[in-house]
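Chain nomenclature is as follows: A, B, C and D, assigned in order of appearance, with residue numbering initiated at 1 for each chain independently.
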């Protein structure tokens, strides 16, 4: 029991050490490139915690990341690599906005309907690779990559030809489908923090519940680990693969809706990918595909990206540094073997010392 | 006008070139001629401050402003992606910046929101016009637009005078009203000179895919076009690559640059430069002027400023080694006609169709 | 220089366990030396130390009298030590030749010299009587063939000390016979052999001496000629073991499983079952005997719903279950112990508890309204772990961490506890030690006595003979004969399995 | 008919040129994945290659090496790509990190690091434009062959031919030589390879470093022949397309070649179609998504199941199973 507890604790310590290493490496890079790391990090932290506005923006920024992280993790748990979160998010964004603009209904109906539309669109975008995988054994990685491009071009086409309002965007959605919140904005000095943040927390709980507390989750995990044994145990492997990709897509789609209904209240022509989907891969992996982990790593990501802006303004450090730090943190988490090894070295030398 | 690209390039001001300190500002906009305490800053779009396009140009204008008035404070913040616009504008507002520029029409909605939240501060948007819910201009936002269509008209004239195949091409980045201005003006210029010239138009739907740009150019040149104008950011790099390659092969092809005098940075190869000319857009002058006016207490809030041929807001580039005397004369002639209203340059597809019918 | 191999006081630890604790093993030149022990006793570990895959914490190794430091398999190869591993070390999609030459390829102008390689392989296989098809892909050849490739690999490298880790676990009786002959040939050519096996009969048959280990500790070395199966078993387990399955006569009742004119194809579309008929009654164990690849797997897959038959019907207690989905078949009352426990039987990364509930997790009380009740699941798991003597630290331990025997017990607990009308047991004791085998056999007989129908499919003739009440011989996808277990013998079965007719006994092509 | 041929004369060379960086990078991915290491970091390796290629070319230009500069730039990219791939190798082989995670980290690092360095060196977010170029060439004699000549031997970069020759060489190395046999054995069954005295981790290091070298070359070829300079947005998605080509080609060099040509062809078709009379009126969105839809259809229709090396993504630990 104490052993189990110890290993659990250790599992928490590793990401922390990894983050420490990542920042340390960032400091070295700052030194080498002639910046003052202390100024840099002070600016970074002030850029996140220094003002309610920035903190609100950080939370706003992490909201879609939570969803894309959950999407990647959900598929991952079922043994699938969903690189298509980007595309699923894009169609979710567009579709939720489409419903937000075209439908008129009271908020109690309109908002859930718009969210649902986003989820369904994302689910459809996940369903296709899931189906192809189940039916023709087509590798999901290729199909999801292709679906990303299709999503972007199709959505741009629809906006450009049918919904263009000003510049590159659609009209604003009706207030009845908006997640924007005056309350949260006031609380955070006019940040774009919106109710979606709470939905994201709910989604974390939902994924945890789905995977660990439901019958379906049991099956999905089982299929993820061993398809053969699962089908011997009477589970429908193909159905579970399709389901997993669809649910994953739905998470991503809602992530898109967070942008469409919360942050921006419109959709716009995308000159290139949003990168939320690709960042989601990193968020999920850093969070060890667990709900709590994803929440925390989305915060780390959101915070680093938000703080990076202040870092360049206040300390003159290039925002790319943050990308390097993120890469190194992921590297150290992935290489927890190294940390364990150092730890066990320390332990044994302690023993010998006695 | 093609800074919409996803150029992730976000270099930084390491303080050396702009020598500014973060000074606490009391928030009062005292209009003093010496610039004491006045601050003018800008937020770049994702192109970054050195995008060889309008961000860079805007920063050049601010830098010059800072040099001419050593007591003013100038600075910029770069945006790594679209979600940075609002926080970055807010950041400037919060610092008490007297005049905050948003570079690029992508920041249209963000600047409106931020300006509403900080009614005591002055803002300026480059490349578009901000209107509130009632379709009215916003009091504390100055709108800086450019007559890209007019500039494009002139390079269209140059192209028409130079083509030997009577076939000219235009490559656009992502299709949008702004890029349509380039396209319409350019086509109008060409047709005005010679309505029989064939014009091929293609949008890459990407500001950053050089490979696509190269293939589009390849196909256009292959189909007989000999001059291609682009308004496509990084995608345009593919055009230059293709033009250089064909020139090296002995073909007589040309490319026309955009936003800045691109011949200075691109298009060079062993035996010359494939850039015939460029359509430049003087964002620097516009920014400088608005900053200076604001400092002097004449903030053009709630106004639409269009920088056109008149005030050299747009025009053809200084580098004209490859342009014939004749063409330059024609350009001057047409420029005068535009200025005196004889020619109304179209900005949209509809206007262009009318224009073409009228020829 | 009496000993070719001397391993003295070897100690090897894994996190949390001492796999080898002060073990000594001495092998004489030219002998077949048996290494015996329960599952998890540490045999494979000891051999992996000898082969250089593991480094021991303590102890020393002498080869032909000289002290050596075997840091990796290359060193072992150079010392003439070759190993045939428990889990075959073959690259499935390589050819036989490629597998043999891997690591010491003959080269001509930078290219693998396939002609020379083929010739070398042919030479060795002639010399030792190891027939193989050098160009066949491993994935397409039988297990027995694969084993020959493993042996050829060691010989190709000039090994003269050969380690066989459970070589017979997956072989057919015929293949075992051939293997024994091969080992005898090898000894004649001057090689020495270390043989790990759980089959005492084989030890008695071919080995000269036997070293027994128990729970990582050396128990001793004996001359086989002076021992009996019983004495060896006792040394190994530490208590007396009964071999004969203790059972009364069967009292078969109504037909539970009825298979009529069944035709099944395998995944590649080859006809594997061709018009098979079989009835299994309540209260009897029917053993299906046959050489591997005669349609056993496809028969089971068809019954359990994993593979829809092309033609024919399957009835369970009178109900048609042909082409039903696995879940429906299970619910109709079929339990299934699959032959490959790692691939089909267990989700190794699930806990033991989750694995035990793998067939029932969705039923009440473990699931209600789609929500799992983990406390109830683990309660149930604990109860079964106790009941079936699954040795695991806890119900929350990952199945991966259990020994093969205990993994198998967990599967049996899961399948038997549901009281299925029909229990299908495929190779239920493959690779297990005598203690575990004893337990599993007892369980199967108990189920029969409770009135279940048991369908046993095994390549192990002894097991089929000992356990079954009736024996159905399968040949080329048909049941060619059904014989009474008490009135038949290995010889008759062997003949039938090879396609001989029961009465006439004339072999078919 | 003539019209049709003329179209092909444009599309085929364009397809081959577009296929070149994908093919090179996919060949790199092949070495890595055949050795059992998933390489989702191909994108990052291309970024690094593009960076090194351009910076190298600019440097050699500046020291007056003229036309040789881009070639030397490519060599720099190969070397730097191989070195940079050590990041992935150390993490996933020695430190037994999850290979997908490590690849993702590599992608992040490549973009961050290169742009950071570009800023240090050029004091701006993108490099200068190279002026020493690699030019398209016509192959003497062969380009005069009717029909085939203008399609395959005219107006193509030498780098394209090099890539196709490399594909054949890679096929030979992987399937005909002892090195290839060992590499593949390590990716299929590392423990078997280990027992045969093959140094599993060393082979995997070699596999990953080769992927770095080829990926670097792919990125450099793209940057030098097409983009002309380097910025954070020069490589966006090509690495993922290369990965797709590798899987599409079933981890076979010639298969990857086919897949890369397929992608290139679909892209060239979609671009040129807009200037082909008759196709010009098809809404552009169909043309834009054509390459991707075709790929999915091809996979579902006739390519089907692609099985990677068996030990792919599993770190090798002695004695585990």
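Here, a contact is a pair of C-beta atoms (placed from the backbone, for glycine too) under 8 Å apart; a residue touches a chain by one contact, two chains touch by 3 or more.
Nothing here was measured: the structure is a model prediction, and the numbers come from that model.
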item: Chains touching both chain A and chain D, listed by label; value: B, C
item: More contacts between chains, C-D or A-B; value: A-B
item: Label of the chain whose CA centroid is most distant from the centroid of chain C; value: B
item: Separation of mean Cα positions, chain D and chain B [Å, integer]; value: 35
item: Approximate Å spacing (C-alpha centroids) for the pair chain A, chain C; value: 46
item: Residue list for chain C, restricted to those that touch at least two other chains; value: none
item: Shared interface positions of chain A, touching two or more other chains; value: 153, 156, 272-273, 318, 320
item: Multi-partner residues of chain B (each touching 2 or more other chains); value: 5-6, 10-12, 205, 208
item: Pairs of chains, among all present, that meet the touch criterion; value: A-B, A-C, A-D, B-D, C-D
item: Residue ranges of chain A touching chain C (in the complex, touch as defined); value: 212-218, 221-222, 225-226, 228-236
item: Residues of chain B touching chain D in the complex; value: 5-12, 48-52, 200, 202-203, 205, 208-212, 214-216, 218-220, 222-223, 234, 237-238, 240-241, 244-245, 248-249, 265-266, 268-270
item: Residues of chain D that touch chain B when the two form their complex; value: 9-10, 14, 17-18, 111, 115, 118-119, 123-126, 128-129, 131-133, 135-136, 155, 222, 225-229, 231-234, 236, 267-268, 271-272, 274-275, 284, 288
item: Chain D-touching residues of chain C, taken from the complex the two chains share; value: 48, 51, 53-54, 72-74, 77, 83, 85, 87-94, 98-99, 101-105, 107, 110-112, 153
item: Residues of chain D defined as touching chain A within the complex; value: 87, 91-92, 95-98, 100-102, 104-109, 111-113, 115-116, 119-120, 232-233, 236-237, 240-241, 243-244, 247-248, 283-285, 288-289, 291-293, 295-296, 299-300, 303-306
